[in-house]
C-alpha cells in the first residue's frame, strides 16, 4: 500500500527506463532514418493508446472516436504548416496567391476568418490541445451527465467519427477534402522534410510521449486513478460515496482527447500531411486495438502495442499484402478472447514470474486490477 | 414543499413513483427522528428498496417530497445528497473488488471529491489514522492491504458499512445488512450496528425479525408501496393487517 | 522476332528470376508465352533491342538507383487491400503485363525490369510511407502507381523530395504539374470539354444536371464542366449540381430532383460502390437511358465499373474518356489479347488500366532516349516522347508531363462494352491549369 | 425553387419523394432488424453485421450465375431461391460464429464489439480472395428492374416496392417469431432473467445461438435484397454499419417497434433534407440530429422504464 502510492515503484522505474532505452537508444541505433521515421509515426498512435488506457482500461469508457481527436490535433498543426507553406511566392501560379492551394481550387479568394489565427504558431500549438479537449468536453458533458455509457457511448462516438469525416470531405474548400492538407514543408522556416529534421522530430516525439506517459502515470497513481477503477467496477457505489461521476468521466475523456491531439500534431509534423482517413471509424477502431494488444490496463503496454501492431502491419503488408487483413482480424479476436490483458498480461503471467525467480524477488506491485506490465 | 420541522431529521411526504403506470411506491409518508433507528419491513415487492433509492436519488420520484434537515432531496444529485449527510448501503455488497481495503476506505474519505481535489489528494497522516480507526471498527484492521475481492461475503458487507462510516453521515440507510451472513458474522454485525447507530439516524431494511427486534426504535411495514402499519416492534407484530399480509404470503 | 532478342533466354532466364520481385507470382506459363507473343507486337516499334554491354552501369546510373548490369528495379504502388483495391487491380495487372512484354523484348538498355510491389492499402499515409520506402530503401528507378488524387497528393512531396519518378494512370482533376510525375491519364479539361461539345452539338443538349461523389475530382471536373457549359455552349445552362458522400447508396431523392428539373443531360461523376447504386436506381426509377431522355453522360464509368453495375443497368449511357476496350486499332487488339491471355478471359480493360499500361512503355522510351536511368536525364528526355504502339492509338508527352491524347465518347451496351460513337479528330492538348476555367 | 412548376408536377414530385422516403425506410428496416434482434435481445454488438449482409449478397450473385448458366428458364424466379439460401448461409455462419466466439463473450459487450470487428476484417479478406477485389454485378431478373407508372407523372420503381414488401413481411415474420413462437418467448424470458430462464428448463445456450443465427440470417436476406439497389463488393458491408447501429440505438435497443419507428423517422428526415440540401449536408445533419436526440434521450425513442 505504501509503495503503490509512490509515483513510481521500483519495477515501474525499470519499465520506464527500458522503454526510454528502446525509444531513445535502441531504435535510433538499429534503424535508418526512413525506418526511424516510421517508428516515429507509430509512436504518435501511442499517444492515443495511452489515453485509451485511462479512458477504457481504467475508466471503462470505450471511445470508438479517438480518431476525431487525433485528427483535430493533426489538422490544427497542419493548418499552421499549410499557411506557412502557402507564401505568395510558392503559390504564384494560383488565381489567388497566398492562400492554400486547395482553397484556390475551390474558388475561395480569401483566407476564411477562422483560418486566420493559425498564422500564429503559439495559437496553433494551443489549438492542438484545446480544440480536441473542447470537442471532448462538449461530447462528454452531453453524454456523461445523461449517463450514457458502455456500448451506447461507443456507438455514438463512432457516429461522431463518421460525421466529422463527411464534414471534412464535404467542406473541401476549407479543409482540403478527401486529399487532406498536404505538401507541408517548413516549421518557422525549418525544413521538416530533411532526414535531419525527421530525426529531431523523432526525439521531440519521444520526449512528448514520455511527458504524456508521466502525466498518465500521475493520474493513475492519484486518487483519481483509483476512482476510475472504482467507477468501472461499481459506478453506483462511487456515486453514493459522494462523487459526481460524470465530472470524472468528462475529465478523463478530455485528457485522452488532449493526448490524442498531441499525437495527431506530431503525426502531421513527421508524416508531412493530415487527411480525413485518420479521422474516420476504421482508424479509430484500430487505435483501440493498439491499446488492447498492448494491454488495456497498462500505459507502457499501450506504447508497445502501438509499436508492435504497426510494425507488423508494415512488415506483413510488405511481404503478404493479401494476408494482412486476416492477420489483423485474427489479432483482434485473439487478443479479446485469449489475451484480454494484451502483451502486458502475457508479460505479467509468463515473463515476470521467471524474471522474479531469476532475481529472487517480487516483480513488484502494480495498478490495482491491472496485469503486471513490463513496467510493473 | 414541506416545512422543516426540527423534530425530524427526515420527512418523507406523499412520495410516489410510477414505472409505466405501476406505482412501486404510492403516496408514502413517514418521519424519522434524530438518533432513531427505523426498520422497514414488508413482503417482497413492497417497495422497500425503492424507497431508499428514492431518498438517495438513485431513482427519480414521480411526486412527493423528501426533506432532510430542511433540504429537499428530490431535486438534488446523488453526490449532493451524500454531501448533505445521507449514506446508503446496497443490498448486495458493493465494494471495489480491484482495490485494497485501505483504498476502498480512502475513496470514501470525505475529502478531495472534486476532479482536481482527487488529483491532488494526499494520503497524509490524519487520513491514515482515520482509516485505521474505521478499519478497527469493522474488524478489518488486519486486512487493510488485502484486495477487497478476497474478502468473505460478510467482510465485504462490513467494508461497505465502513465506507459509509468514514463519511460520518447523519442519516445512514442500510439495505439488508446481514443478508447472507453466517450466524457468527450476524452477531458481530448486530453488535457493530448497535455501536454505530448511537449518534445518528438510521433506516434499515431487514427480514430477520430477531435482528430487527435487536436494533429497531420504530418499525414501518410497507405493503404495495404504502405504509401498512407503523410503530414499535411489539405494536406492529400484533397488528392484524400485518399478520394477514405476512400469512397471506 | 526482332534481332538480338534470344527468345529462349527470355523464357528460361528472366522469368525464373524472382528475387527480389515476385514476378512469377500467380503468372502461369501461359502468361509467359503471352508475354512472348506480345513482344512480337511491341517489337514493331522498337526496331532494335539494346544490349546492356553498350550501356555500362556506371554510366547509366550515376545516382545510386537499383540498377545492376542486367536488371533495373522499379516500384509498383497500388492498393491491394481496402476500398480502392477494386479500382486499382486493373492498373497493377496492366503494369505487370507491360513489364513482361518489355522484358520479353530484352528489357530496357539491355536490363530486365524487376519490380517491387507495395500495397498502399487504400490509406494515404501508407502510400506516402511505401513511396518513401521504394525511393529511399529500394532505390527504385521509377514507380508505377497511385490511383486516387488523395494518394497522389500524399506521395507527391515524397517524390519531389527524393527526386523519384512516378507514372500516374488515372484521369484526374488537373491543377498539378510536378517535375516528378508523368500523368498518363487525362486531366479534366481533356476529358470533359470534348464530351460536352459533342453532346451539345450532336444531341442539342441545353440543360445539364451535374452530379458527383463528394471529393475533389468530381467537384473540380464539374466546376470545369459548369464554366464550359455556361461560357462556351450557346444558351446552355446548369440546372442542378449535387454531391453525395463517397459510398452513398440511396439516390432516389436526387433522381426525383432530376425529374423535377428535366435536364437534357445528367452529367454524372459518381464513383465506387455509389456508382452501382446510382445506375441501378436510375433504371429502376423508370429512366430508360436508351431513350436518351435525359441523356446520361459520365466520365467516371469505365468497363471495369460496368462489371459491378451490370451492363443491362447502364445500357444507353454515354461515357467520355480516352480509351475503350472496344477500340478496333491493331495495337488495341493485340493489347486486349495479351491482357486476357495473361489475366484471364473474363477480364475487362478500362481507361485507367490502359493508361497504366502506358507507364512502363513511356518510361522505357524516355530512358532509351536519355540513354540513362538517372531521373534528371529521363525527365529531360521525357517531353516529346511518342508511343505509336499505345492501345489508344498515338500518344505524345507534353512539356507539362501530361499526354496529348484523343478523347472519345462511348455508348454503353448491355454486354458491358462501349460502342465508340465519337472521337476527336486531333490529339487534345493537356491543360492542367486551364485559363478561364478556374 | 418551385415557381416554375405546375401544381400537378409538384404533387407528383412530392408523392415520389415520399415514396423515396419509404424505400429508404424499408432499406433501414431490413438493415436494422437482424441487428435489433441480436443487439436488442442479446446485448451483443455485432460489428460484422454488414459482412453477414454481404454474404447474402454474394449468395445471390452465385445463384444468379447458377441459374443463368443451368436454368435460364427459371431465371426470373431465382431471386426467391437466392434469398432463402442467403438466409441459410448467413444464419449458418452466425451459428458457427456464436459457437466459436460470441458465447464466450456474453459478459463483455465491449469486447464482443472488438472481436466482431476482427471477424469483419477476416470476412472481408475472405470475400476478396474468393470473389476478387472488384465489385460483382448481380443480374436482376428483368421484371424487378423498371418502374410502374401510377399516373402520367408518378412512376414507382418496382425494386422499391419489392424492398418494401420484403421489409414488411420480414418485420411481420420477426414479430410473429418473437411474440407468438416458443423461441420468442424463450428469448424474451432469457433477456429478462437468464438464470431463471435456465432454471425453468429453457436451453439458454441453444436459444442464444439460434437468436444470433436468426439475426444473421435476416441480415443475409437484407444483403440479398440490396443487390437490387446497391453494390456487392468485399468492403460494401462497412458502408452500412454506422447507419444500422444508429437506427437500432435510436429506436431503443430492446424494442422492435422502436427500431421500426426510428427507421421511419430517420429515413423521412434524411429524404426530406436530401431534397432541399445537398446529399452530403443532408447526411451530416441527419447524423447530428440523431446524435443530438440521443444525448437528450439516451435510452432511445422506445424504451421501457424499469425498476432498477
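A, B, C and D are the chain letters, set down in written order, and residue numbers restart from 1 in every chain.
Keep in mind that, in the parts below, contacts are C-beta pairs under 8 Å (C-beta built on N, C-alpha and C of every residue); 3 or more make two chains touch, one makes a residue touch a chain.
For each chain, UniProt lists the protein as follows: A, D = Branched-chain amino acid ABC transporter permease; B = High-affinity branched-chain amino acid transport ATP-binding protein.
Keep in mind the model is a prediction, meaning the values are calculated, not measured.
Undergrad: Quick check for the class: compute each chain's Cα centroid; which one is farthest from the centroid of chain C?
TA: That would be chain B.
Undergrad: Once you count every C-beta pair in contact for both, which comes out on top, C-D or A-C?
TA: C-D
Undergrad: How many angstrom between the C-alpha centroids of chain C and chain A?
TA: So the centre of chain A lies 37 Å away from the centre of chain C.
Undergrad: Roughly how many whole angstrom separate the Cα centroids of chain B and chain D?
TA: 47
Undergrad: Calculate how many whole Å lie between the centre of chain A and the centre of chain B, each centre taken as the average of the chain's C-alpha atoms.
TA: Computed from C-alpha means, the inter-chain centre distance equals 43 Å.
Undergrad: Please output the residue numbers of chain B that touch at least 2 other chains, ranges allowed.
TA: 58
Undergrad: Tell me, which residues of chain C touch at least two other chains?
TA: 80-81, 214, 243, 245
Undergrad: Any chance you could list the residues of chain D touching two or more other chains?
TA: 125, 128, 278, 280, 283
Undergrad: For a test of understanding, state which residues of chain A touch chain C in their complex under the given definition.
TA: Answer in residue numbers: 32-34, 37-38, 41, 93, 95, 101-102, 104-107, 166, 169-170, 172, 177-180, 182-185, 193, 271-273, 275, 277-278, 314, 317-318, 321-322, 324-325.
Undergrad: Which of the residues in chain B end up touching chain A in this complex?
TA: Answer in residue numbers: 56, 58, 77-79, 82-83, 87-88, 90, 94-100, 102-103, 106-108, 110, 112-115, 118-121, 123, 144-145, 147, 160, 163, 167.
Undergrad: Provide the residue numbers of chain C that touch chain D in the complex, in ascending order.
TA: 80-83, 85-86, 89, 214, 242-245, 247-250, 252-257, 259-260, 272-277, 280-281, 283-286, 304, 306-313
Undergrad: For chain C, which residues are in contact with chain A within the complex?
TA: Interface residues on chain C, with respect to chain A: 80-81, 117-119, 121, 123-126, 128-129, 132-133, 136-137, 148-150, 153-154, 156-158, 161, 173, 175, 214-216, 219-220, 223, 243, 245-246, 433, 438.
Undergrad: Can you list the chain D residues touching chain A in their complex?
TA: 43, 45, 101, 104-105, 108-115, 117-126, 128-129, 238, 241-242, 245-246, 249, 278, 280-281, 283-284, 287-288, 290-291, 294-296, 298
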